[in-house]
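Next, two complexes with chain A in common: one pairs it with chain B, the other with chain C.
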Partner chain A sequence: MENTLTNSDIYTDSGNLSPRKITVGCKDKNKFIPRFMIGVLLLAVVSLVYLNIDWLKIAGRIPQIGTVFFKLAHFDFGNIGLIGSAILETVSIAVLSLLYSLVLGIVFGMLAARNITKIKWFSVATQSFFTFLRAVPTPIWVLLMLVCLGMGPEAGVAGLCVHTTAFFTKSFAQSFESISDETLEALEVTGTGRLSVFTNAVIPAAFSQIIAWTGMRLETNFSECAILGMVGAGGVGFVISRNLQNYQYGTAGLAILFVFIIAYLIERLFVAIKKKIQ
Partner chain B sequence: MDSILKFDNVSKIYSNGTQALKNVSFSVNEGEFISVIGPSGSGKSTILRSINKLIDISSGEIYFDGDTVSVQKGKNLRHMRRKIGMIFQNYNLVYSLSVLQNVLHGCLGYMNGISGVLGNYSEEDKKRALSLLQELGMKQFCYNRASDLSGGQKQRVGIARAIMQNPKLLLCDEPIASLDPSSAKTIMDLLKDMTHKRNIACIVNLHQLDAALKYSTRIIGLSKGTVIFDGAPSEMTDDVIESIYGTSRENLMMGGAENE
Partner chain C sequence: MNKKIPVIAKNQKIVYTAFIIVAIILFVLTSLYTKFNIFTLLKNSDEFWSFIVNDFLPPALPKASSIGGVLSSVLVTLALAMASTTVAAILAFFVALFGSEKISPFPKLAKYVRAVATFLRNIPALVWAFILFSSLGIGTGVGFVALCITSFAFMVRAFVETMDDVSNDSVESLLTVGAGFPQRVAQAIVPSCLSGFLSWFLYCIEVNIRASTIVGMVGGGGVGLTLFSYIKGFQYDVALSIILLIALMIIVVDRITAMLRKELQK
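What follows is the complex of A and B.
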C-alpha cells in the first residue's frame, strides 16, 4: 500500500484528482515570464502594422541580394591605393581616439571613483555626466563634431573620443572602486598624498583590467570608425558608401573585405594580449 | 623619558549613538611597548584610529609629538601621519606589486610632488628597504609578488613598510589575529625587537592575553570604552582580567595552561 502513488500526491494541470498528464515544473511558476512574452509578441505585431512592411514583395527581391554580392565579389583592384590609404586612416583614427580617451578615461575615472575622490556628490555628478554622453550614439557626436570642426578625420577622432572617454570613465572607475578601502587606508596613513596613492597603488592594482578594457575598446572603435566614414568623417567608410552609391561594386567589395580582415586581426591580437596578461 | 602621545579625557560617540570611548586619558613615552586589550567592541580600534585621525574624536584632545591631533588637516596631517606607522590585521598590501615596492610605499609620504607620484624612489631609500627586508628575513622574496606570500610573510612586509616611515610611534591593529601560532610568535618577536632597537613607541591591539602579558612593558585594559586597567603586566591579576573580559581567566585560555 505504501508504495502506491495516490492521486492526492500528484499535481496536475487541472488540479483535480484525475491525473491525465503529470506536471513536472515547479509549483510556483514565475507568472511574469509568459506575460512578458505575450507583451513582446504584441509589440512586434504593432510595429509590423505601423511600418507597413510587405514581406511578400521583399521576398521577390531576394535574388537581388545574390546579384549584389556577386558583383561585390568581383574585386576591382584599380583603386587599391585609395582603399589602402583609407584603411590606414581608419585605423589611425581608431588608435588615436583610443589613446586620447585612455588618458582622459584614467583622469575622469579617478574623479568618478567614489573611494578615491571621497566627495560623494562629485563622483556621482561625474558618473552621471558621462552616462549622458554615452546615451547619445557615436555617429551623432561625430556629426556634431563635423559641424563644429568641419569635414575630415579630426571630427572622427573628436567624436569617437567623446564616447570612448565616457566608456573608459565608467569602466575604469569600476575597476578603481574594486580596490579595497583598507589598502588605500594603509597608504593614506603613511602620509602619502591622494594622487601618489592613486598612481602607486590604484593604477598598478587595476592595470591588467585597464589593458583588457582598452583591447576590447579598440575592436569597437575600429568597427565604429568604419561606419563614421559614411557620415563624412574620413576613412574607409567614406570609400565604401561613395562607391556603392556610384555602383562601383568591385571597389566597395574590396574595401569591405579589408575592413573584415583588419577587424579579425584586431580581435586575434586582443585575444593574444589577454592571454599574455593573465 | 619624553611623552610622545597623550590622551586627555577623550570620548568618541559614533553617529549611530554608540559610545566607543568614555573619558580616556593616558600618555605614552618613547620606546614603550603597550598592549591594549579588551573584548570586541570595547574601543580598542577606536583608540588606535583616532591617533592618526582616521577617526575624529567627539571630545577631549589627543596630543602627538607636540601637535594637537584634532586640528591637523591637509599637509600638516600628512606630515604628522608619516611619523606614525601602522600595521593591520589584513596586512593591506598592494598585492599586484613586488615586496620591495610595497616596502618603499612607506617613504612616499616623504617624497615631494612629482617623484612621489611617479614612484621615483632614491637609491638610498631602496638600500634602506632592502636592509629592512634582510633584518626581517625577507630579502630573498624582495622581487616576489606580494600576493604570493604566506600570511606571516605578508605581515613582515607590513612591518617593513611601517618602519620605512621612520616613525616615532607604531600602531598595530590586531597584527596577529589572522596568523597561526608560530607565525604570530615570529611577528610579535620582530615587532618587539624592531621597535626596541629604534626606540619606537608601539601600541598593539591584541585579542591574545598571553601575548600581551609576555611582550608588553605596559597593558591598557578597556571595557565598554573605559580604561579600567593601566599598568605593568605583573600587576595584571585574575580579578582585573575578569573585570575586563567579564569572564574568568581560565575561560580565556583555550586548552587551559598551555601558554604558562
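What follows is the complex of A and C.
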C-alpha cells in the first residue's frame, strides 16, 4: 500500500529513459483507513476468542441444515388460511403503527426542531428523550407492552409505535431544521400564525423527505413485526416459531416464504417511490 | 377584493390529498382488522401507569452476585455483533465483486449473486436464528451464524451499489489497458470504494448490536437472554435497569461509529 507516486520517482527517471515501472497509486490516502481496518480485525479476533464457540460441534451439524431446508421447502398448504390471516394481521399491525407514529412523529418532530419550537432547552430535552427510546430495540418494547397490556395486537401496535415514533421524531426534526430560516421569517413577518407557518411552509418543504422516511420505516416495521410473534405477540412470527418448534416444517416454510415475498414487494415499492421522488 | 391566494401549488395539493386519503383508508382497514382502538387503550391507561409506577420504577440493581454475569453478558452481545459483522464484511466484499456487472469476471452470473443476497436479506435475522436453532441447537455460535447471514446479504447489496455508483471511469480505463480482474479490484475498486464500504460496515455494526440483543432473547445468549429471564421471573425493576444498560450500550456504540465515520470521510 506504500507505493505512492512521489515527485522524486519521476525526476530521477526523467533523465535516462530506462523502462522503469511507475507504480500507480492514490496520492492523498486517508491514513486512518488502514489503522481502522487493523483495529477492526483485532477486535473481531478478540471477540471470536471471547465467544469461545464450539465450531466443531456446529460443523458436525451442518448436514442437518440441509435436511431442515429440504423439509422447509416441502410446503404444506393445509394451514394456508391460518398463515394468510396471520400475515394480514402482521401487515395491519405494521401499517397501523406506522400511521399512528407518523402523526405522533410530526407533532414531536415539530417540538424537537429548534427552528420551530424556538425554546432551545425544550427541543434538546425532547431529542434526548427520544434518543433513549430509539436506543432500546423494538422487540424489547413489545415485550414490555405484552407485560403491561396483555397478549394481542394492542401490544404489538403500541410497542412498534414507541420505536417508530422515536425514529420519526429524530428524522422529521432533522428535515424541519434543514428548512431555511428565510422562508419561516418571511411568513412570520406577514403575521402568519405558528400553526399555519407549519402547515404551509414546513410540511410542504419536508414532504418528500417524510415520504422517503415512511417508506424506509415500512420496510423495517414489517420485518420487526414479523419477528414480534417470536417474543410472544401475535402475527406470522408466532406461526413460524410454533411450527418450527413442533417440527411442522411445511407450514413454517410456507409462512417464511410469505414473509419473504411481502418484504421483497415492500422493498421494490420503496425503490420505485424513491426513484420517482428524485 | 378579499380573494385568497393559495399558498400551495395545485398539483402539490392533489398529492397531499391523495396521500391523506390513502392514509385514512389504510387506517380504517387496519384498525378494523386488528380491532385496535386507541380509546380503549387510553381508558385502561390507569392500569398501565400503575403497572409502570409500581412494578418497573424505581430501577433496581440485580443481586450483587449476578452483576458480574450481567456485565459479561453485555460483553458477549458486543463480541457477537463485532465478530459476526467483520466476518460477514470480509465474505461480502469478495462476493460483491461477483455481484456487480461492471467488475465481475462473469457478468452473466452477477444477477444470480444479487438474487441470492436479496433472498437472504429479506428474511429477518430472528427467523434465520429460529431456522438455525432447529437444526444446530441453541447457543452463541448459532446466533453468530444467523447474524452473519443477514448482515452478509445486506452488505453484498450495499457494496454492489457503492461500486456501481463510484467506479465506472477508472474500471473502464483499466479494462482498456488490459488489466486483469485482480488488478482492477486492487487499483480501481479498493481505492475508490473502500471508505464507502467501511461506512456501510459501521452501519451494519449499529444494526447488529440491536439484532444480537434480540437474537440473544430467543436463545443466542448475551444481554438479551439475561433481560428475558428477568422479565420471565417477574423482576421488572431489575429488568428496567438492564434495559437502561442496553440503551446505554447502544448509545455509546452509535456515538463511536459516528465519530469513526467522520474520521473515515476526511
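Note that the second predicted complex is superposed on the first by the 227 of 278 C-alpha atoms of A that agree within 3 Å, B and C clash if a C-alpha of one lies under 4 Å from a C-alpha of the other, contacts with A are read in each partner's own complex, and residues count from 1 in each chain.
What we mean here is this: contacts are C-beta pairs under 8 Å (C-beta built on N, C-alpha and C of every residue); 3 or more make two chains touch, one makes a residue touch a chain.
Here the structure is a predicted model, which is why all the values come from computation and not from measurement.
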(message) Looking at A:132, would you say it contacts chain B, chain C, both, or neither? Reply first, second, both or neither.
(response) second
(message) Per the contact definition in the header, classify A:190: touching chain B only (first), chain C only (second), both, or neither.
(response) first
(request) Scan A:205 for contacts with chain B and chain C and give back first, second, both or neither. (result) first
(request) Could you say whether A:246 touches chain B, chain C, both of them, or neither, answering first, second, both or neither? (result) neither
(message) Which chain, chain B or chain C, ends up touching more residues of chain A in the combined arrangement?
(response) C
(message) According to the stated criteria, A:182 is in contact with first (chain B), second (chain C), both, or neither; which is it?
(response) first
(request) Pick one for A:32: touches chain B only (first), chain C only (second), both, or neither. (result) second
(request) Could you pull out which residues of chain A sit against chain B in one structure and against chain C in the other? (result) 200, 204, 207
(request) Name, in rising order, each residue of chain A that touches chain B in their complex. (result) 180, 182-183, 185-193, 195-197, 199-201, 204-205, 207-208
(message) Quick check: in the complex, which residue numbers of chain A touch chain C?
(response) 24-26, 29-30, 32-33, 36-37, 40-41, 43-44, 46-48, 50-55, 57-58, 61, 64-65, 67-69, 72, 88-89, 91-93, 95-96, 99-100, 102, 131-132, 135-137, 139-140, 143-144, 147-149, 153-154, 157-158, 200, 204, 207, 211, 223-224, 226-227, 230-231, 237, 240-241, 244-245, 247, 256, 259-260, 263-264, 267
(request) Spell out the part of chain B that touches chain A in their complex, as residue ranges. (result) 52, 54, 77-86, 88, 90, 92-97, 101, 105-106, 108-111, 116-119, 158, 161-162, 165
(request) Name, in rising order, each residue of chain C that touches chain A in their complex. (result) 7-8, 12, 15-16, 19, 23, 26-27, 29-31, 33-36, 38, 41, 44, 48, 51-52, 75-76, 78-80, 82-83, 86-87, 118-119, 122-127, 130-137, 139-142, 144-145, 187, 191, 194-195, 198, 201, 210-211, 213-214, 217-218, 227-228, 231, 236, 243, 246-248, 250-251, 254, 260, 263-264, 266
